[in-house]
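The same subunit A turns up in both complexes below, where it pairs with subunit B and then with subunit C.
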Partner chain A sequence: MFEIFGIPSQALFGQLLIGLINGSFYALLSLGLAVIFGMLNIINFTHGAQYMLGAFIAFFLLHYAGLNYWAALVIAPIVVGLTGILVERVLLQWLYKLDHLYGLLLTFGLALIIEGVFRNFFGSSGLPYRVPDSLQGGQNLGFMFLPNYRAWVIVLSLIVCFATWYLIERTRLGAYLRAATENPTLVRAFGINVPRMITLTYGFGVGLAALAGVMAAPIYNVSPQMGADLIIVVFAVVVIGGMGSIMGAIVTGFGLGIIEGLTKVFFPEASNTVIFVIMAIVLLIRPAGLFGRRT
Partner chain B sequence: MSAMLDPRMPLLSVADLEAWYGESHILHGVTFDVYPGEVVTLLGRNGAGKTTTLKSIMGIVGRRKGSVRFEGAETIGLPSNAIARLGVAFCPEERGIFASLNVEENLLLPPQVKSGGLTVEQVFELFPNLRERLGSSQGTKLSGGEQQMLAIGRILRTGARLLLLDEPTEGLAPVIIQQIGKTIRALKEKGFTILLVEQNFRFASTVADRYYIMEHGCVVHRFANSELDANLEKLHEYLGV
Partner chain C sequence: MNQAVSMHVASQSARSRSETAAFLLMVAFLVVAPSVIYPLFLMKVLCFALFACAFNLLLGYVGLLSFGHALYFGWASYVSAHAAKVWGLTPELAILAGAATATVLGVIAGSLAIRRQGIYFAMITLALAQMMYFFAIQAPFTHGEDGIQAVPRGRLFGLISLADPMAMYAVVVVIFLACFMLIYRIIYSPFGEVLKAIRENEPRAISLGYKTDRYKLVAFVLSATLAGVAGGTKAIVFQLASLTDVYWAMSGEVVLMTLVGGLGTVFGPAVGAFVIIAMQNYLAAFGQWVMVIQGSIFVACVMLFRRGIVGEIANLLRIKL
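For the complex of A and B:
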């Protein structure tokens, strides 16, 4: 045990770890929002509810089907992704040519409905979800104790984030996505089925939210408002990073998680507001966000 | 594939084509044919409906009516991605180079829809400048001429046999225009069929086999390149040049 700036190392690194964990979820969720906004021009307020759905599906799979965490990690994103595809086909596709406000209101309403239904059946106290056996315990690093599950969440989040970045910025499919974001009419006239690509993009984005939900289940309780608590901060992250920027979402997500964690150590009173203060400053200086392409 | 093309049958047959942008009725019954291996030019003043005709063939205007047959098959009810898959490729007037893609990604973006397209190497033979620019970061950082070459080059790879080129010479220097003209003649030799929209009649006369003159959303006159001299007066009247 030693001290840094008069703070015990345990406390400092403990908060840094919490910051990284929160940052992992900020990054995963804002990444999905950025991908969806880029392609669909829709600010997906249902994202928090879809994250919550991911966690609940993991809970259901464990308690009603006997399927463990690892199965949930695969099944929940697929199931939620499919519901997303349904939502896009039935509702969202009619809104692309309208003002952002319509998409925002529709997805916000959907989130309220989904969260209300779950609160009706499961209350708001939250249900426990056990850390999988293979990730129990932790490592003593000397200056701090690192639980295995938390290390796993950080690593998996980094892998998923950078795999998504690679897919969009470095592959042929990603080139279609970027081009269709710029000029969907022309990309379609090249023979690419852009409407189907848009549908699958929404499915992929909300699948990412569900994946984050499964990852969060053993850390936070599985509760109907778990997404609503998080999504406000995530929207601030997206605004700071710049709407529609993939790398911006990832870097800002992790960065703000860490800043939030450090604020808890050095000035705890500000820890709940620091992200919004940063958002206000960024909006004043760079209205398009730190990584925003459009100004 | 050229075996199934009967040179006496039009590759593209447009009949009574009408098109709307929102409430405005732009095309009022356009009728013309393009035969395999031809270079056909649509001439006309600004606002005559030339670009809208190309876009209607490609299926990217709001609403259209009438008939557009490609290789004998009706395409009027198809979405643009399905029309492209039949072997029709479009090079828009504004060129449509993507800013978020580098030069190579722009060049390789349009998917192959048929066999028999040019290889990337053959595209570079037509446009040597593009090879040098391949390392460039952003497609939109290229000069206007290079962007036009990129916009044409990328649709040659797809295997499309009918190319719709919308004012490929607009805003370009004379030496670049000459190179575009050379390219169009080379493409014709390779068996491409080209429907060209041009304001620059002098340029069109160096590449076109036949002309259709459009006015107020209709085709008002047609003639072959060999009848050019006899039609000059009429042409001046229609184009106001």
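For the complex of A and C:
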């Protein structure tokens, strides 16, 4: 035990860890939002509900199908991704030609429907989800105790974030994707099926949200409203980072998580609001966001 | 040229004729209604109708989607409730105090939010509203989860007791109609024409020399202030200010009311408020299903009838409403 700025190291590093965990989820979710926004020009309000769906699917798989966490990690994103593809084909694709706001309103309505159904069956209280056996316990690092599961969440989300970055910025598929974001008509003229790419992008983005949901299930309880408040914070993260850059979304997500964790140590009353305050400051000095291009 | 002018005048008089008729119909309804419908329900509808009209001023006529209008509604209701209960102000002064709070908040949030366009605008207003929601949880004068309860209705101008439901109803009707006419006046003023120009094509309005940011900010503050009047009135009528009023779900509700009634129509938001409040009242027993139904209405409105109830009627009869 030692002290930093009069704060016991245990408390400081403990909150830093929580900050990193929150940051992992901010990064994963804002990444999905940014990818979807890039292709569909729609801000996906259902993202929080799809994150919650991921957690619930993990819960169902464990309790009704006997499939463990590792299976859920694969199955939940696929299931949610497929429902996302269905949503895109049936509803969203008719809105691209209209004002942005209709996409927002539609996805907000969908979020209300999903959250309402789950609240109806599961109430507002959380359901516990066990940490998988292989990730029980933790490491004593000398200055703090690091639970294995939390370390896993941080590592996995870093891997997923950078894999996504690599996919979009460094592969041929990603190049098509970026080209279609810039000028869909021209890319279609080259014989690339842009509408299908848009559909798959939406499926991929919401799949990321579901993956985050499965990862969150053992840390926070599984509850119907777990996504609703989180998504608003993620919106603020997106405003701060700007949606133009994948790396920007990742860095902003983790950075804000850490800042939020530190605020909990030094000024706990402001921990709920610090991200919004940062957003206001960023808007004052850099209206386009930290990594954004002026639109 | 002359022909164009005369056609313009003709369409304007047609507009004012259908709108005047609808306005008189609405006033007649408000006079007759309390003998048929429970006054407290009507007052709730009127508060939300005013809230939705204020919101529509921004979304329908400037094209700015604020997803955080609960901020002005809720904080005005807190301040009005506090003013009436703790400071002992008369109801009209309490409502004014609430509206003034909403104005100040509108200036701050508005000047931040108009720095970004489109979808970011919605996200910023939502995030700022959520921030003030957390302040409302922590601030001591709001009493957290309990809210400010047992707010006295008091005496209007220190003279007329508002404990009588009909007296209270009359006051709410007057406030609603006054604000409604103010909004109508704004929409058809030269200022309102510039707002519509910004909605249709902002770069073009800029190129014509309009400082669009100033127009947007003034419209934003007007909308926030009127939402504040609605919130303050609601606090006095129901003698309660609570966290529900500042939560994001409330912001969603006012969007829904406006969308159901008809975006950018004069009467749409009021009709939408009536429909949604009535639905909530009759379906209250179904618990969380109300949320599902509201979500479904959202989806149905966006996919199938984007004009809303009043917009569809106006389109069918080829009149302006």
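Structural remarks
Convention: the second predicted complex is superposed on the first by the 292 of 295 C-alpha atoms of A that agree within 3 Å, B and C clash if a C-alpha of one lies under 4 Å from a C-alpha of the other, contacts with A are read in each partner's own complex, and residues count from 1 in each chain.
Just so it is clear, a residue touches a chain if its C-beta (ideal position, glycine included) is under 8 Å from a C-beta of that chain, and two chains touch if they have at least 3 such contacts.
A quick note: this is a predicted structure, and the numbers were derived from the prediction, not measured.
Superposition of the two structures on subunit A shows subunit C fitting alongside subunit B with no clash. For the superposed model, the angle subtended at the Cα centre of subunit A by subunit B and subunit C works out to 90 degrees in steps of 10.
With both complexes placed on chain A, subunit A has more residues touched by C than by the other of subunit B and subunit C.
In the superposition on chain A, A:L106 contacts subunit C only, with no contact to subunit B.
Of the two partner chains, subunit C is the only one that A:P287 touches; subunit B does not reach it.
In the superposition on chain A, A:R172 contacts subunit B only, with no contact to subunit C.
Within the superposed three-chain model, A:G191 lies in touch with subunit B and out of touch with subunit C [touch as defined at top].
For the pair subunit B and subunit C, the minimum alpha-carbon spacing after aligning on chain A is 18 Å.
Within subunit A, no residue touches subunit B in one complex and subunit C in the other.
Chain contact summary for the complex, subunit B toward subunit A: residues 58-60, 79-81, 83-85, 89-90, 92, 96, 98-101, 105, 108-111, 113, 155, 158.
Across the complex, subunit A is touched by residues 59, 63, 65, 67, 112-113, 115-120, 122-124, 126-128, 130-131, 134-135, 137-138, 248, 252, 255, 259, 287-292, 294-299, 301-303, 306 of subunit C.
Contact residues on subunit A toward subunit C in their complex (touch as defined above): 37, 43, 91, 94-95, 98-102, 104-106, 108-117, 119-120, 228-229, 232-233, 235-236, 238-239, 269, 272-273, 276-277, 279-280, 283-284, 287-288, 295.
Contact residues of subunit A toward subunit B in the complex are 172, 175-176, 178-179, 181-183, 185-194, 293.
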